[in-house]
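Below, subunit A partners subunit B and then partners subunit C, in two separate complexes.
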Partner chain A sequence: MKILTETLVIANSEVAFSEIEGRTILIKAPMSTMHTLNNTGGLIWKNLQNEIVVSNLVDLVCDNYDAEKDVAEADVLELLEALYKLELINVKS
Partner chain B sequence: MNGYFDLLRNDKFFDEVAPDKILNMTLKGFSFSLYSRNKYTDVTTLVAKWYNGFIREEPNPDFIIKYYLLRDIYPELLKELSDENDNFRNVKVITQSELLEHSEVAVFRWDIRALFNFNKKRANVILLNEHSSSADAAVRIAASLVLPYVRCIMIHGSSVSINGNGYLFFGKSGSGKSTIAGLSNSLVLNDEISLLAIEADGSVKLSGTPFYGDLKQGVNKVVPLKKIFLLKQDKDTYIEPMSRYDQMTNLLQCVITFMTDKKDYDILMEICKTIIDSQGIEVLHFEKNTKFMDVIL
Partner chain C sequence: MTEKVKSLYRELIKSAYKSQIPLVVTIELTYRCNERCIHCYVDQEDKIKELNFHEWKGILDRLKEMGTLFLTFTGGEALLHPDFEEIYIYAHKKHFGVRLFTNGLGMNEDVFRILSEYKPLDVQFSIYGHTSELHDRITGVNGSFVNLINAMNRVHSMKIPFLGKCTWLNYNSKHYIEIQRLVESVGGEFLGNITLVQARDCNVKNLDFKTTDEELKTIINHYTIKNDTKDIFSIDSEKSISNMNHNLCGAGVISLRINPQGDVFPCVDMNVKAGNACEKDIKDLWDNSDLFLHLRELKNKDKKECKTCNFSTYCLYFCPAQSYYKTANFISCYPEIKRQAMIRKQCKEQTT
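Then we have the complex of A and B:
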């Protein structure tokens, strides 16, 4: 499924996470897979705990990191695509 | 697979196991009772010699494991179950299935079929052979599943007590856990799997387990944790600091767990974080000699 700015996304409820030194460690049960997100990824992840529209995540990144909207949008979509492929998030059209 | 669940869930059938042979084993205050039946193969005797030192009388065990040996109860199924074992070369833990009831966890391994029920605090286990390691594996799996709920984790690590203080050396297979323990010339609590426990006051204790490695040594002793080292074999001996992130990921990778639920991993990560906050982890680069003793103390 292609993720667009109007897509609804939410973290997979089977993923445990912990923040340490500005990085967010994700563990998808069972523990064969561990992934790490940087600061920006961690901010996005926190906000994925409830259903959210991608464009709102883009706005959050712009607000918190003073990023240009088109750059932030490309980065957020790239991250969400990666998380989706790893089954760490669920996507709703 | 339905047949397994029906059989393994049949508590009445498994209750016939008790109480002929009971072995009580305690890990850091958490007690397991192992049951098998006189007229059948005595599974408890198989592991009793391994658990020596951890055996304690306990009228109210925290968790009961009831064993049957398949050969004793359904010998005609031996071939059928052995044939399907290619599916279960590694441990397969099932927590989410329409066949499972609340608080049940099914465990399939090439030599084990088991159903753990954490509400009932018991496991019904069928062993496909009478090897000690098979009976022991069921206990290890049970321990890894229940101990985090009393804030204990099992680590792939050797542990020693020096002047009453605990030192944990952890790492993946081949990292030198047994080598370090053997060279330490001190009381080895365990050379393969050790237990870290967070006490009510927040302090961290280190203890041995009966799940030992090459040195065949597991000592039932609890000591305050003094230091934790990640092992790296090297051409020089020195200690290197690690970022908290590296401490966390390395520790998590060496926790022994068969957990499969998010809530379990939330607990596991919280325990690891508490241990790191209480007692940081450093990298011990070491040569295979006793020089490391000078740098760790």
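Then we have the complex of A and C:
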């Protein structure tokens, strides 16, 4: 499924996570999958705990990191695509 | 576990040590148990007041804020707690990586439904034999083996990873290959433990069941020579030296245990209390209790006896908790660990 700025996304509720030293650690059962996110990824992950439209995530990144909108949008979409492929988030059209 | 995940896991542990985060927490929901294992280290306290769901909820909320990631439910037999379902589901919804330790005896359709809906990272079963006769003899409960194997099969069918964990005793050590094969044949991973933990009430009677030197030698040889397990004969000396400034272990540094009454301890084996999580904020206990601060100060270089010991390079499982039982000192030598090191050395000498 292609993720667009108007797509609704939410974290997979099965994923365990914790923030340690500025990094967000994600673990999905079984234990064989573990992933880390940097500060920006961590901010996005926190906001994925409830359903959210992708464009709102882009706005959050712009507000918190003073990023240009088109750059932030590309980065957010790239991260969400990766998270989706790893089954760490669910996507609702 | 892939190499990449192993590397990430090592980094995670390193970060937790650096920041002193209680990454790994063990929750003992109850001391009640439906088995009576001959070697059990837990006091059989049937009459203590156990924390209920609401009390655990408050503690879990605080642990989440403190950065805890791995949460293990154990006992006694955790499934016997009347609020097990609520507590387990709440922990899952708080996004802890949940593990369940169980003997399998109390696993019924309700438990399987919960595990299926809220998958744990893994389930860890206690197994002591490859037959009903042997396993049931050690657990003291007829039918416990059949229930255990059924539970393993069900968990495997739900695609939940599981471990079959066996403590080697003089009763079962002759059957280590059969027990391992059995666990693997039903889809689990096997983990054998050569250290028998002393009972928490300091009654040493359970240690009567420890392996003899010959039995231990056979096991160590099997898991090193036949399975080519590296690093079990000796620790690389360079690595040992570089670890001198490292903490003795994770107890009180990256791990803690909470018992059924809310008492807080550094780990499963260490029965020295830091305080009570219902009487005092657990973050305050973690940050400021004398016990935790003391454990964080202790380093490998403080183990003075090890510096002159002929077996130190073969000593793989130094455990401050076990040392404390024997001497009320976290850094003294514990004879059972030394025995294991001596046998490891003998095995090494026989193979070279």
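Following the convention adopted for this analysis, the second predicted complex is superposed on the first by the 93 of 93 C-alpha atoms of A that agree within 3 Å, B and C clash if a C-alpha of one lies under 4 Å from a C-alpha of the other, contacts with A are read in each partner's own complex, and residues count from 1 in each chain.
Rule of thumb we're sticking to: a residue touches a chain if its C-beta (ideal position, glycine included) is under 8 Å from a C-beta of that chain, and two chains touch if they have at least 3 such contacts.
Everything numeric in this text was worked out from a predicted model, so none of it was measured.
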{"item": "Fit-or-clash call for subunit B and subunit C when the two complexes are aligned on subunit A", "value": "clash"}
{"item": "Partner chain(s) touched by A:V91 [first = subunit B, second = subunit C, both, neither]", "value": "neither"}
{"item": "Subunit A: partner with more touched residues, subunit B or subunit C", "value": "C"}
{"item": "Contacts of A:S13 with subunit B and subunit C, given as first, second, both or neither", "value": "both"}
{"item": "Touched partner set for A:I27, first subunit B, second subunit C, both or neither", "value": "both"}
{"item": "Touching both subunit B and subunit C, residues of subunit A", "value": "13-18, 20-21, 23, 25, 27, 29-31, 34, 36"}
{"item": "Complex interface listing, subunit B residues touching subunit A", "value": "93, 243-245, 248-249, 252-253, 257-266, 268-270, 273, 276"}
{"item": "In the complex, subunit C residues that touch subunit A", "value": "1-2, 5, 8-9, 11-12, 15-16, 18-19, 21, 23, 64, 67-69, 93, 95-98, 119-122, 159-161"}
{"item": "Contact set on subunit A toward subunit B in their complex", "value": "13-18, 20-21, 23, 25, 27, 29-31, 34, 36"}
{"item": "For the subunit A and subunit C complex, residues of the former touching the latter", "value": "13-21, 23, 25, 27, 29-36"}
